[in-house]
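The following pair of complexes shares a single chain, subunit A, combined with subunit B in the former and subunit C in the latter.
Presenting the complex of A and B:
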């Protein structure tokens, strides 16, 4: 047992928690924006995968990290706007379209990879670039805190910034108000002259930009190449984290960090000669338990709310 | 207008299909009469001799196909792999061996990738057994064993080759003789791993600038199966031979393709003091190698000589690879299929090939020579010779029970 604690209570472990959480943080923010706009879908996996591929490709062709990130965003937007076109214009089922687009992204990126480098596994033969790690001056010299917080990938810092930006956009701007209005009640929004279709496309686009950064992080930071199906379920875990956070920025961030912590913990526990089958399931079991608690809590609070409403009504009746 | 667009789309689809499959049917056009085949094989036998010199247990390829065992002279060999090509490891090597067969013997060759989808296994083998175009079906790894045996039992006329897994299983009461149409073979990966384990232990105890004071090494496997466990126990035994007090950290990715997780697991081991990590995880192992390079410690590659494979595309990662435990599946596939073509492959039997046969062993390249001292290289070569001659016998996970494998793992905690 003391071995476990010795392995967990180290700055390196907390550093790895942040590293593992980054794609989940970005993904949960993307899901949050969609959820607020009433457009929650399951194609984040595909958006991120497409972004990872196009980011790698653009950076290899242009030899510019910045253009690479823009390429990733374009790749993510492609899938997201396809979803928007099918779902909003052609009225297809959003979940089925999401499944189709995830499969399309998975197979399409491998096909494109094969056409480009005759390799179905990885793009390691392409000279793609990575987003640099950043040492934060002053902070990096503080003993423990510096080891944990400094030296992360630039996109990791961007992820934390985006949590704040998401809060600003969704809760503090007129656009955010429109997005939330459309999400709550599209008919009411339309009745006051909001172009619902336009707002929904904007919602999809903003969320795709955020999700694309998660994809870019995978192929241009976490790893220095694209490999088939490299998201490995991270898109779905982001949706769960967002649900756990009740579509609020700070709780969603904490839920993402919690998932990251469980994943990092599983990685450490494995090295301590524990049965690997159980440990590999840990992040997913944690997701299920988390969602269970959230569901229970939400049910309780809604019961409480309805009880309060009933009592209020009864009191009003008695008064009358 | 609509029709035109539809036609154009159909054309694009058709062409892309052709582009996708074209490269796999390399031998298709060369398949002709027996005479041309012999000429073809004779012309290229020199090249074949160079690349496939060692490990040819089925006898040196005479280049003549024994046509009496086939229905016609249009012979097709199909390789089925459980995951996908592009892993820079076992799958790519196996396919390279198959392609060599195609050029040397002038037979049609094809590779089917199952993409890790277990539900495709049995239908694929049934389709191939039913299809008269494919005379020899070859497949590898324990993941495909059960499916191949299921189909082999139903199609006694069809020949199958199962490499890197054994037909026989004591628990199920199955022996090699039960399937007279299947030849199976396994690699003694424990022997090669013994040598790289010793190499890892030498590095971590040597005081090399890239290593720390703790005597800890790491092992990252793709998943827990007999072959991977065999790598592991050999690695542990080899490390213990150099330093009996050594600690070995063991992790499994649970996937042979999630390279991000591979990198994360390797870094978790390195954070706990490992300074040499052995990656045995196919394509996911590339992440392990990259993690070691990023953290500035040594890595050990697997299957191919991964330093040679990566040195042009990714020199920083390649530089971290101190050696590779080569499991030369290209030679295995080549010698099995050439034996089958020449009619010398003993179906219904099982072979285990190791260091002495040259199908496994540690990679010797410029990076290896630069990292290890002359003395260390000499003692590694000495160890290799001892294992090959049988003077040192290495514990194997093949046929061992779980408790004794666990005991080996517990001995280095």
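Presenting the complex of A and C:
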């Protein structure tokens, strides 16, 4: 037990929490944008996987990190716009299309990987690039804080920036207002002259760009290669984190960090020779408990609200 | 011809067209990447019929799909997108392995107990999303995926720590007791008696879902929850029941698969049988009557892709690409909508004319 505590209460542990949380933070922001626009779907897993693959591929072909990230965004947009086309134009069920697109992305990337390198596991034989780590001047010299906060991947800093940007775009711009209006009541939005279809496609596209960065981080930062099914449920965990955060930027960020902390804890315990399987299951169990808590909280608050309304009505009646 | 018939006709037409498009896509991909496209295509199409063994492979591929597919029909008919059948299949296989290796019973009884244990494990897996939905309104879409991953690690823990055979040379359980294994039915093909259990499950599932009062309740809840509640159906109870039975079938499928196909439990990752079940469930429109055809199709292209990979440079993942293209097309409601609309209008006009003339 002492060993575990010794391993957790170190700056390195907190550093790794931020490291493993990055894709979840980006993913939960993508899910948040979709949820606000009434377009929450489950194809994030496929979007991220496709982005991870195309990011790796473009960076290997062009030998440019920036083009690699653009390639990742293109790969993510591809899946997202397919979903948009089938869901919005051809009126298909979003969840079922999402399942099929996830399968499509998983099979398609392995298929293409095999054609490229004759290997179905990883792309490590391709000379793909990674997004550089950034040491923050001044901050990196502060003892504990520097170890925790400095030296992360550029995309990690981008993730925190995007949390702020998401807040700005969704809650402080006319576009965000339109997105939220369409999400809450598409008919009302249409009645005041908003092009609902266009706004929904824009919602999907913005969220796909954010989710693609999570994919790019996985193959060009967290690891320096693409491996099959490398998202390992992170797309779904992001949706859960966003759920837990009630589709608000800051709470969603905190929920993502909490999931990241459990994952980092699992990694630490694994190195200490504890039965790793149970610990690997922990993030998923935490998500399930979180979903239950969220539902419980929502139930309680709606009960409270209806009680308050009842009491108000009763008071008004007594007065009369 | 009335509207309902036209709708039905178009559903069949759409499914067939989706399959046609997927096959065309597959052929185009093959033409692009194979050095010898014609040979590769013929291997893909005719390979599965090439030998007794390969035909056997189709049947053994199809066996677990019948269980999971029937379970999916029940769950999705209640309009619950519970994907925990994937994890249910895995823990079903796991618990059946535990019963097989740790309990000694006479032949027959032992197998039955294994199947029961597997089924209960699968039902438990599907019960978690069901409980979270009924009690806390948490959507099963996300929770069931979490359950899948949880099942994987719980299963691996049991296999790797509690019933692992250190002398096996690789990560695997003890050998299954001979009393519990499901025997080969036709020697030299790998086809085992599990297919008979699968057919029984399929017929049972069809009768339950389409011909019984309980099944009608499930379908009513799936079509219109408010109507179901209004007409006095206990919605939560029906939703839970459908998922428990569906999970039970998936878990039993896992048990049948390991006891019929393997001598030890040796999965180290999720097997994708659950998602296969969902895919064929969608293809069959959640109707067990059409399920065998969908399962046969998927099993056939799986074996075909496998034959193709052995003789050429096209990876086996082509089968999964095809099935996802098919599912995307089938769930697209507006696909062929204009044509259908025209037909319905024409039929209505004809009917009107007929009435006027009379």
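Heads up, the rule we're going with is that the second predicted complex is superposed on the first by the 314 of 320 C-alpha atoms of A that agree within 3 Å, B and C clash if a C-alpha of one lies under 4 Å from a C-alpha of the other, contacts with A are read in each partner's own complex, and residues count from 1 in each chain.
Quick note on the criterion: contacts are C-beta pairs under 8 Å (C-beta built on N, C-alpha and C of every residue); 3 or more make two chains touch, one makes a residue touch a chain.
Source: prediction; values computed, not measured.
Asks: Quick one: subunit B and subunit C on subunit A, clash or fit?
Replies: Aligned through their shared chain, the two binders clash on subunit A.
Asks: First (subunit B), second (subunit C), both or neither: which does A:227 touch?
Replies: The answer is first: A:227 touches subunit B but not subunit C.
Asks: Looking at the overlay, what does A:299 touch: subunit B (first), subunit C (second), both, or neither?
Replies: After superposing on A, A:299 lies in contact with subunit C but is clear of subunit B.
Asks: Figure out whether A:280 sits in contact with subunit B (first) or subunit C (second), or with both, or with neither.
Replies: Both partners.
Asks: Classify the contacts of A:62 with the two partner chains as first (subunit B alone), second (subunit C alone), both, or neither.
Replies: A:62 sits against neither subunit B nor subunit C.
Asks: For A:120, decide between first (touching subunit B), second (touching subunit C), both and neither.
Replies: A:120 sits against subunit B and subunit C alike.
Asks: A:147 contacts which: subunit B (first), subunit C (second), both, neither?
Replies: neither
Asks: With chain A superposed, which of the segments 151-159, 241-249, 259-267 or 295-303 in subunit C collides sterically with subunit B?
Replies: 259-267
Asks: Pick out the shared contact residues on subunit A: the ones touching subunit B in one complex and subunit C in the other.
Replies: Residues common to the subunit A contacts of subunit C and of subunit B are 110-111, 114-115, 120, 277, 280, listed in rising order.
Asks: Please output the residues of subunit A touching subunit B within their complex, sorted ascending.
Replies: Its residues touching subunit B are 7, 10, 12-13, 16, 19-20, 110-111, 114-115, 118-122, 124-125, 218, 222-225, 227-230, 232, 263-264, 267-268, 270-271, 273, 276-277, 280.
Asks: Where on subunit B is subunit A touching in the complex?
Replies: Those in contact with subunit A are residues 19-20, 23, 84-88, 92, 113, 218, 224, 249-252, 254-255, 257-261, 263-265, 267-269, 271-272, 283, 286-287, 290, 310, 313-314, 409-410, 413.
Asks: Which of the residues in subunit A end up touching subunit C in this complex?
Replies: 42, 82, 86, 89-93, 95-97, 99-101, 103-104, 106-108, 110-111, 114-115, 120, 233, 236-237, 239-240, 243, 275, 277-278, 280-281, 284-285, 287-288, 291-292, 294-296, 298-299
Asks: Could you pull out which subunit C residues touch subunit A in their complex?
Replies: 33, 81, 83, 128, 132, 135-138, 141-143, 145-147, 149-150, 152-154, 156-157, 160-161, 275, 278-279, 282, 313, 315, 317-318, 320-321, 323-325, 327-328, 331-335, 337
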